[in-house]
Amino acid sequence: MDTLMNISSAVFLLIGSFLCISGGVGILRFPDFYTRMHAVGVTETLATAMILIGLMLQNPDGLVDLKLIIILLMTLFISPTASHALAKAAMINGLKPKINRQADNERLTSSKP
Amino acid sequence: MLMGLYNYWVVVVLMMIGFYIVIAHGNLIKKIVGLSIFQTSVFIFYISMAKVDGGTAPILVEGIKQYSNPLPHVLILTAIVVGIATTAVGLALAVRLKEAYGSIEEEEIQKKDNLDC
Amino acid sequence: MLIAATIAILVVMIMAITRAIMGPTLYDRILAVNMFGTKTVLLISVLGFVMGRPEFLDIAIVYALINFISVIAVLRHSGKSIFKTTQPEEKEKEKEKNS
Amino acid sequence: MINIVLLAFLVVIAIAIVRMRDLLAVSMLLGIYGLLSASFFVTMDAVDVAFTEASVGAGISTLLMLIAITMTGRSEHPERHKPVLALFVVLITGSLLIYGTLEMPYFGSADAPIHLHVAPHYINNSMQEIGVPNIVTSVLASYRAFDTFGEVVVIFTAGIGVLALLSVVRRPEDIIKIDSTNNLMRAEYLILRIVVKMLIPFILLYALYVQFHGDYGPGGGFQAGVIFASAIILYAMLFGISTARRVINQSVIQFFAAIGVLLYGSVGVVSLLNGKSFLDYSALSADPVAGQHLGILLIELGVGFTVASVMVIIFFNFEGRRDNSLTKESNKT
């Protein structure tokens, strides 16, 4: 039972770390603000959830698990809300998404027979 | 020696960065930012001194003998809240100066003062 | 495994700091700060387990609860001229004009 | 090991702050700086300090910077002359300080002078004398209570200072104008309003937990006050300052700020009248340990009142000033 818990906790932690890093690569490599925000916003909640679940499996103590669950719930509620607020603020203040129309058109025409 | 004094050297570097911002930049808000960097470096200095190798957080638990020094923690804990309150007073002064002089750049304020005399 | 998670979080922190310093717009920086906040929540919770005193999750809860106040502040004051951004391309055009 | 990495991050951020001209970006970097220093305090076992830094740095400090910058302008003028002299002074001072550190006991050594004098007494005897597991709380609120009293008075004075500098008297038509812009804002952010409305009770409840759990875990009046104030500030930002003022009247907050200091001081006076020294709580009850518990509870409550109300006063006055300058501009045009 103990080894099962340890292994599953390790798996959850590894998945969480991988998601974290992919979000980090996204914030570095993507071309403009909205795509970066997409990378962060999508990975953030799931990565946090995975790492926190991994931690929960490490420790069967009731109070610590309760605190971890509170953190998890709050992150699930707040993180998307913050992303929403930030995107809205950027939009109101006139930051336009970067659109490469030429490339889109080329792709459309090439896909047509 | 490098490992033993690394924390203190970083503290000195941060302190000097804050000091440099305060004396070299003319913008009052930037000066307040510099002051708060300086302040944080002092916090880091105190907390680094309080750490004991093998010690843990100073909250008594059965079975743990070695704790870090609680006294610097107390001093810094209050200093952080006092720090934000005094920073607020500094920002309020900057806001009033902006209303009175139309600028928060040191040189421009001095120029206006000299014109008034 | 906890060590691996800590290292991963630190690597992501480096990436967020890079983005916060590079910019280019204010919103990229706010995004980086926000991301850094959630990563700090994770780092503090993992550190509690690494150091063997996991009862100190209270600090992580504080960050989880009130970390987005600054984003709301930016949203509240947005629409004022001070937050208006010029597009990066426009900036480049202006530079070309000037030179 | 991890503290080395965090300190290196701090230096990088500080250098970036020096070079940056956009003040809003500087305030964002300062937010990262606060987050990093809180993580550093956790690695140094200073959980109470990290808690305070978290509650201050997560919300209020960045917020105040942002509001002040919206009033004073975003960009910093470049310096006219090269600051060679400043660099020279900084380098000289820095190298002298580094020279000073060479004599210091190494980081983490248990026999450094700082660990030999008072700290062992606190660590070994506080459980019998005070009966509180969190040594930081017992030092803060009992052994060095007079010191903390001074700090609370400083915070109170800072609140009065901001009030004197920024408070404005409004005409009724201005209030209506400000209200209408705020109402406009309220209609727009539906999602935010719902989430925040759901969140505020949790934040308030958590602040109360921090306030009363400070004897057993990290926490206490300072942190709880700041968290409580953050909840009110969140409400004020999303539902408008004037709505928030209707809920929590300005004069009531000022009253509470004074009540906190008064409560702290009067606990001291009561123990003085009972024949012990100022702020010696064992005078409060027949059993000294029970007296200590009662005293710590009361003065932490006083600290919480003062800190929370001063933070709310600071925020309300900054925002009120900003609204006022906006209406002045619109009246001119």
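Letters A, B, C and D name the chains as they come in the text, with residue numbers starting at 1 for each one.
The criterion applied here is as follows: a residue touches a chain if its C-beta (ideal position, glycine included) is under 8 Å from a C-beta of that chain, and two chains touch if they have at least 3 such contacts.
Given the structure is predicted, the values throughout are model-derived calculations rather than measurements.
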Identity of the chain that, by mean CA position, is farthest from chain D: A
Centre-of-Cα separation between chain B and chain A, whole angstrom: 33
Inter-chain centre distance, chain C versus chain D - centres from mean C-alpha coordinates, in Å: 21
Chain centre separation in whole Å, for chain D relative to chain B (CA means): 13
Touching two or more other chains - residues of chain D: 45, 47, 60, 69, 73, 189, 192, 199, 202, 217-218
Residues of chain A touching at least two other chains: 74, 78, 81, 85, 88
Residue list for chain C, restricted to those that touch at least two other chains: 16, 30, 32, 51, 55-56, 58, 61, 65, 67, 72, 74-75, 83
Inter-chain touch pairs (all): A-C, A-D, B-C, B-D, C-D
Parts of chain B lying in touch with chain C, wherever the complex brings them together: 56-57, 61
Chain C - residues contacting chain D, complex: 6, 10, 13-14, 16-17, 20-21, 23, 26, 29-30, 32-33, 36-37, 40, 43-44, 47-48, 51, 55-56, 58-59, 61-63, 65-67, 69-70, 72-77, 80, 82-83
Residues of chain A that touch chain C when the two form their complex: 9-10, 13-14, 16-18, 20-21, 23-25, 27-28, 33, 36-37, 40, 44, 47-48, 51-52, 54-55, 58-59, 61, 63-64, 67-68, 70-71, 74-75, 78-79, 81-83, 85-86, 88-90, 92-96
Contact set on chain B toward chain D in their complex: 1, 3-10, 12-21, 23-30, 33, 36-37, 40, 43-44, 47-61, 66-74, 76-82, 84-89, 91-96, 98-99, 103-105, 107
Partner chain A, residues of chain C touching it in the complex: 1-2, 4-5, 8-9, 11-12, 15-16, 18-19, 25, 27-28, 30-32, 34-35, 38-39, 41-42, 45-46, 49, 54-55, 57-58, 60-61, 64-65, 67-68, 71-72, 74-75, 78-79, 83-85, 87
